[in-house]
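What follows is a pair of complexes built around chain A, which joins chain B in one and chain C in the other.
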Partner chain A sequence: MHESFFRYQNFYWLKVALGLCAISIGLYAWHSPQVVPNGGTWLGYTLGTIAAALIVWLAWFGVRKRNYRSSSTMVSGWLSAHVYLGLALIVVATLHTGFQFDWNIHTFAYVLMMVVIVSGLYGVSLYALLPSRLANNRKRLTREQMLHEIRDLDEAALNLADQIDPRVHDVILRSVEKPGVTLTFWQQLTAGKLGKDPLESAERFLKGYQNDFVDKTLFLDAQPQSGAQATMMYISNVMAGLEAEKVDKLRALMETVGRKKSLLKRTRRDIQLKALLQLWLFFHVPVSMALLATLLIHIISVFLYW
Partner chain B sequence: MRVHIDSIKRRKKGGVVRKTAEFNGDIVTIGRGTDQVVFIPELRAAYDHAEIYQARKGEILVRSQALSGIKLNGVSTQKSVFNLADCITIGRWEIRRVSASDDYDLALELEKVVSQANSDSIVQQQIKSTLALVGPNKRHWSWILVASVLIWFLALPLLGKVIPGLENVLKSVPGLPSDTVWNTGDLSSAHHFFRQDCTTCHQNSFIRVEDQACIDCHQNTHAHADLKFNEVDELNEMRCASCHEEHNGSLGLVMRDDSFCADCHTSLQQFTNNQTRLLDASNFGSDHPEFRASIPHLENGKVISRRVSLDNKDQLKEQLTIYFSHKAHLKPEGVHQTYDSDRQKNSGLLDTVSEDADRVIMQCADCHTFDRGQVATKQINFEQHCSECHRLDFETSDKQRELPHGDVMEVLYYLQQYYQNKALKGMIEDPQAPLVARTRRRPGQVLSVRQRQTAIAWAEGKTRDVAMEVFQFRVCKTCHDVQYASNGSPPWSIPPVSIPEHWMPLANFSHQKHVTVACDDCHQDIDQSEDGTDVLLPSIKVCRDCHAGEDDTSRLSSNCVDCHGFHVGEQLLGQQQQLKQQVPSVNEKADAVSNTIVPDDSLNPAGLEGSK
Partner chain C sequence: MPVTDQFNIVIVGAGPAGLSAAGRAAELGITYLLLESAPHLANTIHSYQKGKYVMAEPSTLPLRSPYQFSAGTRESILDDWQQSSDQLKLNIRYSAAVAAIEGQQGRFIVSLHNGEQIAAENVVLAMGMQGNLRKLGTQGEDLPFVQYQLLDPDEYEDETIVIVGAGDSAIENALALSEQNSVYIVNRRDEFARAKERNIQLITNAIEDGTIHCFYSSTINRVESLPQAGTNDEHGLLVLNTAEGETTLEVHRIIARLGAIPPRKFLEACGIQLPSADPSAVPAVDQYYQSNIPGLYVIGELNGAPLIKPSMNQGYEVIHAINGNPVDPVDEELLWEKLKQLSGVSNVAQGLDLLQQGIGFLRSLTHLQMREFILDSDLVFPSPDTVIYQKNDYSDEFYSVFSGDANLLANVDAPYQIMSLQPSEFFGEWSLISGRRRAETATAGNNCVLLKTSRRAMRKLMLSLPIVQQEIDRIVVQRALQHFLVPGVPPELLEPYAERATIEHFKLDDVIVHAGDAPDAFRLIRCGSAMVKRHLSGKDVVVSFLPVGSYIGEVPLLSEKPSRETVVATVNTETIRLDRDLLIELMEQFPAVRGRLDISVQETLRKEIQFTNHPEAGDLVAFMMDQGIGEGTDVLLIDESLCVHCDNCETACADTHGGVSRLDREAGPSYAYLHIPTSCRHCEHPHCMTDCPPDAIHRAPNGEVYIEDSCIGCGNCQQHCPYGVIQMGVVEEKKNSLFSWLLFGKGDAPGSSVQQSPNHKTDDADEDTVTTSSIAQIKKAVKCDMCMDVQGGSACVRACPTGAAIRLAPEKMVDLLRERNRRAS
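So, the complex of A and B:
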């Protein structure tokens, strides 16, 4: 695994962020404002400018990240800076407020900022936890390999089913046409089966079908107890000769369906884990944009009513 | 139903091969079975997968026989109307309904969609299956949020300022945003009246609150110092809001920070081109000059004050005062009541009467009283504070009779009238008096002109003698340094007395706040003072026993503003504003005044000059 953004260049950005926090806290402790600490003192303006610049720069990461010409090392560096400086923003912006909070646009901007940072922290924790789960689930298969295998299993299952019974084929066909690899937003997140899963019902049908079938050929595998019995069994076995072939195919079909089922489960899990890695961004990004707008209003309104 | 069925096959090199078939019957069957009308040779089709038929109303329907159903235009279904240009998909096969010629009721096209691609595309789609593809669009959400925030918190409040009437609506309906959402913090309680109307102070957009906005209400507030003597750029550049920071709630409306004062007052000469006589100070505990008492004196017949440092013992003398000994009045055993002790006891003025009824023990507060919470001593006056003991009697035979206080001429008139009246009435016991003044008058008796002249001549002489006695030896002379000039009219004069109400008018001291301290804790050795010219104010050292600078932690930390006001200039702020606008250059003005002599009290607040 390549160098994690956590420890990028021996925690370079962590050190920068801690330095920024230390300087901010030091200045805040040393500063004796005219009245009380607030955003309108020289230190307030200074910290506010730094915080605003940081917010814009951190938001720029979203644009920068898409620039594929930059190497992965660079992206890793940017992400490292994004995370650590984003956390430093908690200190810088809080000191900028001078701990003055109220029901106004200014505190709203602060709250949005904290929401964005907390959602970012959630994202970081996902990046720490989920990749190993993803790898464990895939077991060195790619998503494409899993799906192709499912497709192959589908074809094999249809083939077998066709040779057993049109009713079996019908059931299997339904499970093939309704593949159960979930695609909707909610399904991706829950890895869930909404409504009746065709594969589950196919499996149940096959079990029922097998039970019926095995009843008819009950003593296929039984040991003859007497001569008369042995004769009876021989006649039955000859009559059931063709049926025995079907039994094998039925077993093969059930095994195929079972394999598909487990593969499908892993695929769903794969999609779910991937989706979880993306979900927080649906929150983090729009709220970041709202934060930028609120920040703009914060700055405009402060100077409009200077 | 007559059905036209075209089987289409596309060649790799291009071009289409069509095989046409015709079917006559009610139901077009579709499936893998060889008996099906539309034959689909694929495992993903059931033997009899679906049927196309005509309903009674004439519309064409499609119905799936298989559990897996069919896809009609990409949507899974079991039964549906099959319209023109619709497409049924089964496995990799597509059955499209096309427009039929007049000879046919229905026309279908059957085509196997290019091998593998159909099924692969599903795989491809699922490989890429990410939230970004199916989830809400982040960009859209961002724009929606950004637009909402901008409209709600910026556009609406701005519109309220532009569109007449809208602002009232925004402010009166709870929940709607107005410019008050931009409020950076609560106002001080004195300004709560216009918390809803930001433009009371913020009159111009993107311009810091201007002084005029404050002066609009605070018209009677004085400036700090007068521009004509203090051409201090720092002072000119200051705004009201430099000190009075709003939006910090109850905090901050009055700035208490010493460093703000010290910026100028550590080297005030430099800032004022040596025009000030104020001494430098920056910290009460460590850098503050000895107090200076404002002592009234006479100059060209006018009473004006001069500031004398308390450690300048030679000059620290009251000038316009009386003969007065604190020591004599504060004797522990009390003072003798010369006259009429019963009257004094009943008067309530002297509430502590010793067992020896002739003696009264006096307290400071018997004479020195204060307005509640005020800094000034109430003016000492004869009638209230002295007359109970110091009676202005002049005639031993008539001790109830007292002279008026305050005016030499009044005293002379009083004496003249008293003795004339007495002489004319007769029965005077003085053996030196003429006979007419001594004899008893009979009822209805009229004096002759000569008799009256004799009586009045005696009264004039008596008046002169008694006046001489009271002015020069006894009553007035007890306290006043009475001057005699034989050619004067009147020959006696009493120098003006001026005991200040404010000894240090540039500082605010509240006795009320110090009631827990005994008087002589600060005003030390008062009971040893025998001279009325003694100035008995406590030195700064006495204050520093309890008070220290703002950063001190062992004593009471005291800021400049605890004692000193800021708005103590003679000019009003508004006047100074106008002056600022008139004066083109501060430096020019400074040059113009640099040669002028600055009066001693140039920095004193109004009212100090001419004190009594």
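So, the complex of A and C:
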């Protein structure tokens, strides 16, 4: 059955990670070196070696993920271990430093590591929250189907607009020509309102147009007369006006534009959610690479200056 | 007019049989002349719809002819044959229709329509029947807008066309024409039953969605031409007798596809006797294809061999017979290879006879059917205690015991359930019928000789011979009763009960039991599956799902109350039905039945309570059944609340399968966070296997339905699959190192798709030559094979980083629902 990487084999890796933290903390508390606790004591070296090995192994996840023919383990198990052991690294590496921080390459390596871990935490939280939102937003449509439906609605809108008024057609055409699906990086991330969205202006225009139209149709000829006959005339006028084909078409057009608007909103939201699920990796991975390089310098320099 | 020429053999008709005969005569240096009434070779194939894919059946039969022939398009076959004819310098005369044949062996005179006369010692009639198409048989049948063939459907546009007929060619024509025209089809009967399953499905869909209009139970009254019709107006008037009375229709064109009949008058004028007055009766011939007139031979469709390959073989054989050195039938050697293993057998006929005597259900087969059946089967000689198949395997061969004995173990833990099979008995029938895993383990006994037959051959035989189907059904019912209802009782004891049980067939969405029905029958599902629905607070709620082996109706029967639920088939389903009295007799005779039923009732009630507490679980079942999970044996399911859309599953699939992913994660329906991607469900009776010319689709013992390399890329399976999971792709085994891609940008990223360019040509290649690399790029059918060749199992599931992807067998569905219920509450 479905088992998320958080719960992989009954939280196996969480237990391992907690065990590692507990042992590290225990040893740190028990250990009383002659000097201030630092990376140079035997415990410091031990924790440092564990932390360095962990960092290299965590980075190896990128390789394992792409080794599709590997038969032994599940990638979800690896991710589970990656997350929990990555978090354990906070404890192990911090204890390795002995809380000795300074403006040097060693602390820089530590800071980079923390940045990677925090970005990873951010990614994990996205993985936990966004999939359901993505599914809810899609309402069983694929991206392809959404775009297809938008095109259909555009066609329907143009067709209706054509039968109403050339001015209306122009406005709708403008909104169709700029569909507002291809977005800049920032727009993708925010899925926010687009400043001069032609669809918004088309909707505003339509509302105004409809009001004008209803005013004209219904009340232009209505003379202020009293009596039963005048009332009957008034009612039949209103009915005639309401039944006018144009009113129906306008109403249909408004509805079509409204549907497109909500669908467009969903599509943008979909783009945003998918972008969010992917973009953090563009930060997490390069910084991890930088961390690997810095880690190497940290280790070499420690041995050179020692 | 004087006799112009003298030949040893004159062959009439340059179709597959005639060409093959002429070619063989040319090779042997016999004087011959090939006469063809059309201005080109193979007129029947020539008149096929453009691009039609021609099959080469039966696939096990070897071809014996100077001409090449394998399944392919109409065009490629005609080109091949034209080339071979040129190479053989065929002595052929086109546009030479034969008017009469007179004389006797050694002195035949063949008269042509142009008056010319040709002398021949022997005459071979190989003209088929297509020159004598069946016409409407009513007034106006020869009007210019009434035609009996269709070459290129694209020629017609915006016309009103009526197709008459309900066979494959009528359906294919109607479907092709409906793209650009308004098409009606006239069917004499109230359903399409004569055509291939797939064509029936396509035409029924087209009629349902309104693309084609059908007149069922209708016949043609008459056809009239409309006076003063302009060029674009309807030319004719069709008067139909429909079930509701006479209907008229203005049409541009009528295309009648009513098949062909032998040219009776011509044959009788030649002196050939026909065995009956039936218009479709064909001349009787001896083993060398000689008719009642010595020296006058009849081969191909005209003697009842409608398929191309056997006709070509006959052409070859008839020349040898005339030449005085007859050859054995082409399959003789293949059969001998198999039959010579039997002790004491000295020739094929004897071996076939022995098998037919030894294996009961084969006795009703004709000589030719027997030959074909044995070609599709193998004799196996397992040593004692060899395991033939294991319980829960997915293998689907059928075994008949020829000699010695075999044992079936239904339950390994309970050895008293061993059943010993004697010669003439068979086993493996359960998987053949249900499409599910083996229900028992089969082992060989002493001196065991078995006849092993493929699922395909067995199903073909059962379709063509109802008596075989009945015999197998009889044993299926007996053993199913024993296995599922009365364990531990020898099947012989159950025989009187099994005889009174009946087998019922249900189509998708057919109601098996209505709510409120009196409790009059108990049913056991032997193939397919069903959903149980109950009407709760104004709507139908699914309360249970019943896979193969489940009972239907035991609760109402035991409680003696009308059924509260409606049971609906979720796919084509077959049940074994026991009437109430029969079940009660069984219970009285074998108390163990009551125990079985008790357990089932408890389980049913437990399941129902669960479903009723979580009505959404029922909706989920309904959704999954709609998606065909009911007939699947292993389905990929994605939990949308876990899926991060990384597509690692697709990439893993492509990387392990030659660069073509066999699943489309995003496509496919979802319900309640459960997504069913477009990926193979490994159906119990795979639709894709229905019509595979090279028989390249098989099921592996673990259940994987896979396509072998022998795929010819015809696309039949893709069209048959209702779930759209088969693609045509170019598979290329290439491996890139991750690091050379990562560090140096060499090659493609692992798992990226192969460039799909089937007509790839190298720069310096001539326009018309096909380079070797492009031959390697022929598209083949690809589908999920559950990573049967990859160690560790399905790559898609193993590569999923978040645990969103799983594979599930329907019998585990209850577990899935239980888990989701737990999560929901």
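To be clear about the criterion, the second predicted complex is superposed on the first by the 266 of 306 C-alpha atoms of A that agree within 3 Å, B and C clash if a C-alpha of one lies under 4 Å from a C-alpha of the other, contacts with A are read in each partner's own complex, and residues count from 1 in each chain.
FYI, a residue touches a chain if its C-beta (ideal position, glycine included) is under 8 Å from a C-beta of that chain, and two chains touch if they have at least 3 such contacts.
The structure displayed is predicted, hence computed values, not measured ones.
Could you tell me if A:Gln100 is touching chain B, chain C, both of them or neither one (first, second, both, neither)?
first
So, does A:Leu130 touch the first partner chain B, the second partner chain C, both, or neither?
After superposing on A, A:Leu130 lies in contact with chain C but is clear of chain B.
In the superposed arrangement, which partner chain does A:Leu79 touch: chain B (first), chain C (second), both, or neither?
second
Spot which of chain B and chain C makes contact with more residues of chain A, would you?
Greater contact footprint in residues on chain A: B.
Once the structures are superposed on A, label A:Ala29 by its partner contacts, choosing first (chain B), second (chain C), both or neither.
So A:Ala29 meets neither chain B nor chain C here.
In the overlaid three-chain picture, which partner chain does A:Arg143 touch, first (chain B) or second (chain C), both, or neither?
both
Which holds for A:Val63: it touches chain B only (first), chain C only (second), both, or neither?
Only chain C is touched by A:Val63; chain B is not.
By the touch definition at the top of the document, which applies to A:Tyr8: first (chain B), second (chain C), both, or neither?
Touch status of A:Tyr8: second partner only.
After overlaying the two complexes on chain A, where does the chain B footprint on chain A coincide with the chain C footprint?
143-144, 274, 278
In the complex formed with chain A, which residues of chain C make contact?
637, 639-646, 648, 651-652, 655-656, 666-667, 669-671, 673, 675, 738, 750-751, 790-793, 795, 797-804, 806, 815-816, 819
Can you name the residues of chain A that touch chain C in the complex?
It is residues 1-5, 7-8, 63, 65-76, 78-79, 126-127, 130-132, 134-135, 138, 140, 142-144, 274, 277-278 of chain A that touch chain C.
Sort out for me which residues of chain B touch chain A in the complex.
Touching chain A from chain B are residues 43-47, 66-69, 71, 76, 119, 122-123, 125-127, 129-132, 134-136, 138, 141-146, 148-150, 153-154, 179-186, 198, 202, 205-209, 243, 245, 247-248, 251-252, 255, 257, 259-260.
Which of the residues in chain A end up touching chain B in this complex?
Residues 32, 34-36, 38-40, 100, 102, 104-106, 108, 143-144, 147-148, 151, 155, 158-159, 162, 166, 169-171, 173-179, 181, 183-185, 188-189, 198, 267, 271, 274-275, 278-279, 281-282, 285-290, 292-294, 296-297, 300-306 of chain A touch chain B in their complex.
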